Structure formats: C-alpha cells, structure tokens
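Once you've had a glance at the structure underneath, I'll fire off some questions.
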C-alpha cells in the first residue's frame, strides 16, 4: 500500500458545548496543522498516488472554506460541536468530495482511502480515516 | 475510524540484558517522549473519542509510576528486559486498565483500540498497539 | 552564556485591526506554542540557570491568564492589537514581573535576559527578547 | 502488534517524466529523510522487534547505494520514474531483501511487515508498506 | 528586540567543488527548508515587525528563482561553490534587496536585520545573518 | 555571521544533588538530543564554516565519551552536578578543545564561537555558548 501526505494549516475561533470541555466552553481558538493522507494500492502510470500539486491545492481550498472564521457563526456547521475529531472528518469528507468530482485528476478516482490529522498543539492531535 | 493522541514524557535509568544491546548493557538512561493514541469507530454524544483532559491525566499518572526511576530496581518490572518495545506495551496495558476502570469516563469503555509510541531519540522509536 | 527553555501552549480567539491583516481582520483564533528562554552568564550554586519546575509553572500561569479566551474582550488587553509579536512581548513582560517578584526563586534575580517565541503554525513564528 | 522505526537520510538529484510534474521535470534534487518501520506480532527472546543497531546499519547501507547520486544516471533505476512513492518502495524492497538474507539477525526472519516513509520537505511525504 | 520568521522550501541539484566534500562532489541534490527571520527593535503602527504575508511572498519568490534547478548550470551562480552556507547568504541578500526595494512594505525599511537558516536534513543546517 | 549546526544524541543515567531537583534527585536518566553550532564571520576558501563531516565526527566522539554511562560514576565528572546546563558546557568545551587541536581541520582555527543545545524532552532544553 502506498500513501502520499500534504500538510497545510488553518486558524479558527470556536467554542465547544458540553461540561466535558471545561474552559474550552468559552470562545477561544486554534491553529490546526492539517495532514491529508491519500492511500492507493498501486501507483498510476506516472508512478504516483495522486498529483501532489492538485492535492495541495484541494487541501488549501478546504482550509480557505473554514479558516480565518469563527466556526460558531458558520451556517455550514450549524448543529456541529466543532471538536478536533469532528473537524478532521469534515476536512476528510470535503477532500473525498473533491476527489470524486475529479478535482485531483482522473487517477485520483482510484484512491483507496483518505486520512486527515489535525494537530492542535505540540501535545495533542486527532485523526479521521475513511475509504474513498 | 477516529483517533485522538496526547503526548507526555518520562526520564528513566535502566540497563538491558543481552549481547545484542552492546554498550546499552551498561547502566544508562532515556527520555521517552510518549504518544498515547485512542481509537474509536464513532464519536460519542459530545463529538469526541475520549475526554482529552482525562486521557492526558491518565498518561501523566502512568508516567509518574515509571519516571524518575532506575527501572532495574523496580519490583513492578522484575524479570522484564525494559526495551523500548516492552515499555511501550506496559504503558499501553496500564492505560487500558485505567480506561476499563472508568478513569477516562464512561464513554471510554467504547474505545476500540490503543497505541503507544515511545520516541527515545530523534532517530529511533517503538510502538505497541492493542484492542481495548 | 547559558540558557534554559521551557515550552507550553495556549489557544485563543482574536481579530486584528488594520488592512495589512487581510482575512485575519475577521474573528479567528490560534494555538500559540510558546517557548520561554531564560539567560544567565553563570550558573547558580545548584548548577542551573533557573529552577525549571518553577519556570514551567510560571509559564503555565501566564498561559492560564490569556488562554481559552477571546482576546478582543479582555480588559487587560484594551487598545492592544494582539499580533503574535505583541503577545510575545506581553508574555515576556509577565514572566519578567514574576521573576522579579521572586516567583522563580531567589536565584532568578540573577537572570540576564528573557526571550519568548510564539509559534502560530509550522510555517510562522515571532519572538521578543529583553534584558531582565 | 509491535513496531520499531529508525531514521536516516539521503540527498539525491533527479528529474521526473510526465507533464503532471510541472517544474519537477527539470533536473533538481531532494533530501529524503527516511523512516524505516519494522513490524512484528510478538517480541523475540531479547524483548525486541529487531536489533535496532543492525536495522540502522541496513538502512544506512541502502542510503549509501542511492545517496549522493543523480538517479537519472543510475543503471539500477533504468526505466523507473523516481517519484517519492517509487523510491519508498525501492528502499522497502531492499530492506526486505536484507532482512531475508539474515543481515538483520535471525530474529528478523519473524518480521511481519515493513513500512518506509520518505519526507521530502516539511509539507510533503510518501510511504510504502508491505508484508515480509 | 522583536523578530518574525516565515518558512518555505526549495529542491535543487548541485555538486560541490573541493576534496573536503567527499561524495558530495558528485552531482546530487537537496531539499532546503528555509527559515527567514526579520528583526526590528520596535513594532510599527500596526503592531508588527513586517507584513507576514508579503514576507512569505518574497521568500517564495526567491525560492522560485533557485528551486527546481541544477545550480551547477545557473549563470546567476557562476563561480559560486553552492554550499549550504553560501546559499543561505544568497537568499538573505536577495531578501534584503527586496526589502530595500519596498516589496515588503514601507515599514520594512525600518528592519534592523535579517537571518536565513537552511535545513538540509534532520541533522544539519546552516545560517547567515546580516544587518539591513 | 555564518553558522553550521550538526545534531547527534546520547543516552545517560544520573541523579542530581539539591532539593530544587525534587524527584530528579533519584537515579534516573535522559536522552539528550545535542545540537552543536559553529560560528564564523567569513567562509573559508571552500565556502564553508567548518568541514561538516569532521564536525559531526567530533560531536559523535564526545557523545561516545559520555553516552551509555551512569554519569554519577564517572571520574571525569567528579564533583559536577550534571544538570543539562552543566553538560551543555562540558560538550561545548570538549568540542572547543578538539577544534583547537586541529581535529576539525585547519580552517576551524578561524571559528569565532560555539554553541551547544541539549534537548532533554519535547518541552525543555538548555544551551551554552562561548567564544573560540
């Protein structure tokens, strides 16, 4: 199994709902350093998993949809408790949509899976992985 | 599949038994930077894999049981060759015990697995993963 | 010249005032991974620059004063454009105040200087250094 | 499941064939920071996955076969489009050959699998994993 | 004293002239992860050292002038032994030229100094710093 | 001003004397990831600060003198409280001795200074710098 990973980041404000979150129930924020991993059993004719330039562009586009915003005010996230885990899934699902729409090139339709890791600090991170 | 990881560290002395270890048969030591990863197929009602504060506390407690000690003298480790691999398993098993005892919250009983990575330097690390 | 550095982090929301900030004029947020460096020409009688435990506690205390907050609403920061550079200075000045108040131990009164670096992502950071 | 990873690096020149590579079709180069991960279900009698010294030596030997070269001129790579993914596979296959030849010790014949990650920058990397 | 740093990278081929370089006399290559640090005694009216967006753009432009090339064939580098140290200076001097030309904004004319670090692997890097 | 840095590591056991050290008064240990930085105002005829291969060899030799030992039992360190700060100085002084003895090449006699940083964990490190 092969994989390729690209890294980008976004900076957001949000608050979390639930006593379990303690002081993080207050409005605060985070830098998420985001690693998007694309998996594929065999390489394509060019010898790659995915066009890494297009993959980086797609990740940057998703970062642009979410970053520099207060997630509490985003209609696109109404009803979502925007935990690191939940945002990892949203980023992965949006990348999957873009892959299926052909935005990563025709070869990307052969991808087997996708994993997204959000690093919220030097001591904590969350991941979500899914088939494609 | 979702996961959440927290990082902590411990500083120990020990020696290793067996010719394969060369100079590490002498009493020496290590800083282990420890990453504990908790895996779960679906998020709980709060949108999380595990209460990250409790997970960090549990990891810190395990670090406190082992850290700032000469592992060669610890009754709890009698007969164990304290390789990085072996300590990774001990840390993982202790975290699993704490999860089953409810120390990570009720939701943590739904965890599917656990992985522990011990980084002993910038060029070497070991991991152990197990179901929960 | 000797130095000792401790690392901690805080997660804040804020917005920046000025056209130069582009989309960062909107309410967003950041994780700041904060490195506090203490400098001293000669070691004290224990062979250290500063009690690293107390230094870490002091840094954690400053993180607690600022973290998990929307800096736009903090009376303590009224009139401050909370750029990474400006927050680096605030953290350094607060650590200097704590050092002078004896919170880092008597030896810390011999410190020559202090530097604070705030890493806002894997590709950008800011520092402020000052004498003590 | 246990694993042990060792890190080394190599510095190579090459060019890539195919329009998808844009400016990387020109002769350029890369530092690959290479992580080789050895997996095994149970530890051996010494309590290890593999002799980490021998594993590091084997990885260094493979780095020496490829590093400080222009891969475009290497007979050993004739016909290979030397993408990061393809080189990850070559490194993994060569380590597997060395393990089977006994170079990592007798215990290494019990290894279950091998993964190799090549980090080409702080924002991109590729991996290949295979059974052994 | 304040500073701001931005990180980018470039991938180049080259060979080095001189017996001291051993196998690096052969054509090979490197990824340089480049940190550009801008220093200034006092913040400007916006509370910054330099417009970080413009600084990142200027660094990217310099990376584009050198990256994805065989430095041995570049007329702009004729006669230069392209060691990591020498390239650090070239990058710093080009950023200084851009700052003086107003490309980083008017405020950047107040910069006191500039430092550039090129990381060629996880175990080696070189820096050059200069006044502005 | 130019500088070049090489990284290596050592793993030691020790205990610290003084109430300020709390649990670190017990026998424990550490991995020190060691960065040795060589500074020089102008490059030599080869375009370098120092022969990086020789610098790495010298650092490895110093690591070999101290590593895989219990520092409490070393005659060479009798009377030294082996804090991270103190070991940073010892490593720097030994590298300076080797430089003066010609071990880093003739050009290394032109070095202006030396800095050594010991990273004892992901959240704490110490440095010592001196002229040469």
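When the chains are written out, they are named A, B, C, D, E and F in that same order, and each has its own residue count from 1.
Rule of thumb we're sticking to: contacts are C-beta pairs under 8 Å (C-beta built on N, C-alpha and C of every residue); 3 or more make two chains touch, one makes a residue touch a chain.
If you're wondering where the values come from, they're calculated on a predicted model, not measured in any experiment.
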{"item": "Selected pair, greater C-beta contact count between B-F and C-F", "value": "B-F"}
{"item": "Farthest chain (mean CA position) relative to chain A", "value": "F"}
{"item": "Homomeric contact chain D-chain E: same or different residue positions, threshold half", "value": "same"}
{"item": "Taking each chain's C-alpha mean as its centre, the one farthest from chain B", "value": "E"}
{"item": "Chain B-chain E separation of Cα centroids, rounded to whole Å", "value": "41"}
{"item": "Between chain B and chain C, centroid-to-centroid distance (C-alpha), Å", "value": "31"}
{"item": "Distance between chain centroids, defined by C-alpha means - chain A, chain D (Å)", "value": "27"}
{"item": "Chain C residues counted as touching two or more neighbouring chains", "value": "7, 122-123"}
{"item": "Of chain F, residues touching chain C in the complex", "value": "17-18, 20-22, 80-86, 88-89, 122-130"}
{"item": "Chain F partner contacts - residues on chain C that touch it in the complex", "value": "1-8, 43, 46-49, 51-53, 56, 105"}
{"item": "Residue ranges of chain E in contact with chain D within the complex", "value": "7, 9, 11-14, 23-24, 26-33, 67-70, 120-123"}
